[in-house]
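To keep things clear, I will list the structure first and then write my remarks on it.
In order of appearance the chains are A, B and C, and numbering begins at 1 in each one.
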Amino acid sequence: MKIDLLQQLRNDNPMVLNIANSVTQSDVANGLAALGASPLMTNYDTELKTLTQMTGGVCVNIGTLDDRQNSISNNLMELATEFNKPLVLDPVGIGAVPERLEVVEDLLRIAKPTIIRGNAGEVASLVGAAWSSKGIDSLDKGQTQDVSEMAQACAKKFSCVVVVTGETDTIATADKIAKVYNGTPMFKTHVGTGDMLSSILSAFAAVSEGDFYEAAKVGCLVFSIAGEIVMNDYPEIGPSEFGIKLIDKLYQITVDDVEEWGKYDD
Amino acid sequence: MKIDLLQQLRNDNPMVLNIANSVTQSDVANGLAALGASPLMTNYDTELKTLTQMTGGVCVNIGTLDDRQNSISNNLMELATEFNKPLVLDPVGIGAVPERLEVVEDLLRIAKPTIIRGNAGEVASLVGAAWSSKGIDSLDKGQTQDVSEMAQACAKKFSCVVVVTGETDTIATADKIAKVYNGTPMFKTHVGTGDMLSSILSAFAAVSEGDFYEAAKVGCLVFSIAGEIVMNDYPEIGPSEFGIKLIDKLYQITVDDVEEWGKYDD
Amino acid sequence: MKIDLLQQLRNDNPMVLNIANSVTQSDVANGLAALGASPLMTNYDTELKTLTQMTGGVCVNIGTLDDRQNSISNNLMELATEFNKPLVLDPVGIGAVPERLEVVEDLLRIAKPTIIRGNAGEVASLVGAAWSSKGIDSLDKGQTQDVSEMAQACAKKFSCVVVVTGETDTIATADKIAKVYNGTPMFKTHVGTGDMLSSILSAFAAVSEGDFYEAAKVGCLVFSIAGEIVMNDYPEIGPSEFGIKLIDKLYQITVDDVEEWGKYDD
């Protein structure tokens, strides 16, 4: 795995342009900045073209969608394609909410993302597989579908990299598959860690020279290990202090840390 | 008091659907998740019906209202009534801002909330009582109105449970009254603790099998005690670290803690 | 320097009415409240006049602008002028994004702010000077323009106080100039510290009895020292814990601290 992409990201300080989930945008912006990227959130159609041209990567998150934002997301997906910028799509809540799935299917008709990141329930809904969701959460216990197969089917359908996060992270293209085993259950309790990862994947994609599969793998690995180290160092903390220390670990984590802690099949 | 509702909440993991105050929604979402509920914020009219059907409770907070959100709040109050979901209304700022009081009076013509939670100035304005407010804060020193009487008048007028928070929390129906004496002054300095409590009351209401008075009392008690324990354990911390530790205490607090620390008239 | 304004602020508890950057508004509200002011964020045209009449100061931040908010910002700038309230303008991102510069130039045609606070790239763009920016960040290394000259040119052009923040803070009127040397590089890594300072300057302006130059200087000094003390006391922390401790230091900082730590030319 090209773990040096972490150092590359810090050297390049790529800008990541976000249509953000309003609930978690502070964490997302601070996570990106701590890791070494330069975050920018927009809701302003007039500036989209200028910002797309100057950014390194784009992330469209539908966590707090509305009609106006959906229109801006459409435009940003077109612009990212036009200016050849890596585009991450985070389809928050489509596993449980059909009205959100419709919005995402519209977005996917407009442009192909570089990376789709979701939980198992969200990715299942994109390929018509059976999976239980509850609101924005995926209910992963006792499911019978194979996550790797779903991820690869999704990657094939939309010609992109697909990342399914959960206890294990699955990173797939149509013909490749990787697993990241690092992490901590605390990622599920602190709100917005999935949103943070999606934007971070865009930052890694921006410095990957087109190797988006590698970018997605390294992004998942760095993020998962950051959280695992925090809970290893502070096993007694709760989800809110975890959120603070996770961002600070993104600021401090080194290539050596990732090499030492990494557990993955590649 | 049915303190076991805390354990019930953790077992059931109820979804709480929020029209949120945009300033504090990250704290609200994390507070709900830490306590054991499943938060969802929406601004999207198209998904309201689906989300209302799947949620356990609803919370409408007008802290950062605008015309579009007021319309969505209207719709959500109707839907909560139609699908028989516990509905908490947080009338932020109506004590000082007549234009907000008008919006809330419109909302209250559409549907009856299950619980109204506000500070004394906000609740006073709903019953036409005299009380001083400053922006979103209630000026409680030296007031002559009796809070219990105001709370009961409000509960009678809108046929719901009314919670008046302050140094002491007052929980009232038309013919019952309870007081929670736990808490810490730090609740006033950290922004958004009232918003958190309102959404948390919706989570307790969702698991109360219709006993909303009991839900409101236990919600106030758990939240107040969580803050009091934090300041007891860390008397030197400031308001921001208080906000972090408050959420983490919601994650850790047990029925035994509540029984040990509780100071209330019931 | 009138460092006692810090105590005056705590005594008066001025309200600050904000058109906020949605990404950072929680930090801004908590920073204001910790320092001793009373924050209020609005997006609701209907309540603007009422709120402007009751507030001590106003802060318009264009960090997450859109057409609707631009219109509200216009109205608020007019109202602040009509009711003679100190008005801080934070022109986020105009150094790099021409579409933002246009919005701010429109705002400046409507009303004169009391204080403009930006980074060097933002202030340069207001006076047509050459300066490099990257997204919302100013690239200050190796620039040849003189910041003091730019700040004074801007102050002269818009007949207001201009604050240019960076490693050194520059506070200028058309014929006066001051420098604050306190601070820490961590201000750049934690997202939203500039937004916090802008709103804090409005709080100081509200209690300054019209001496806005003094208010701006003291505001910069108090904020810079708060950050510097945090990193002096906790040199190993990351940007997220810095954000927490910065707010808590605003809660605790005294006039004596400011006198002991202050490094400035006045």
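Just so we're on the same page, a residue touches a chain if its C-beta (ideal position, glycine included) is under 8 Å from a C-beta of that chain, and two chains touch if they have at least 3 such contacts.
Because the structure is predicted, anything quoted here is derived from the model rather than measured.
Taken together, the touching pairs cover every possible pairing of the chains.
Note: Cα superposition of chain A onto chain C, rotation of 120 degrees, nearest 5.
By the residue-number overlap criterion, the interface of chain B with chain C counts as different, with under half of its numbers used by both chains.
Averaged C-alpha coordinates put the centre of chain B at 33 Å from the centre of chain C.
Chain A has residues 22, 26, 243-244 in contact with two or more other chains. By the touch criterion stated above, chain A contacts chain C in their complex at residues 13, 15, 20, 22, 25-26, 29-30, 33-34, 38-47, 50-51, 54-55, 68, 243-245, 247-249, 251-252.
Chain B meets chain C in the complex at residues 22-24, 26-27, 64-67, 93, 96-100, 134-137, 189-192, 237-241, 243-244.
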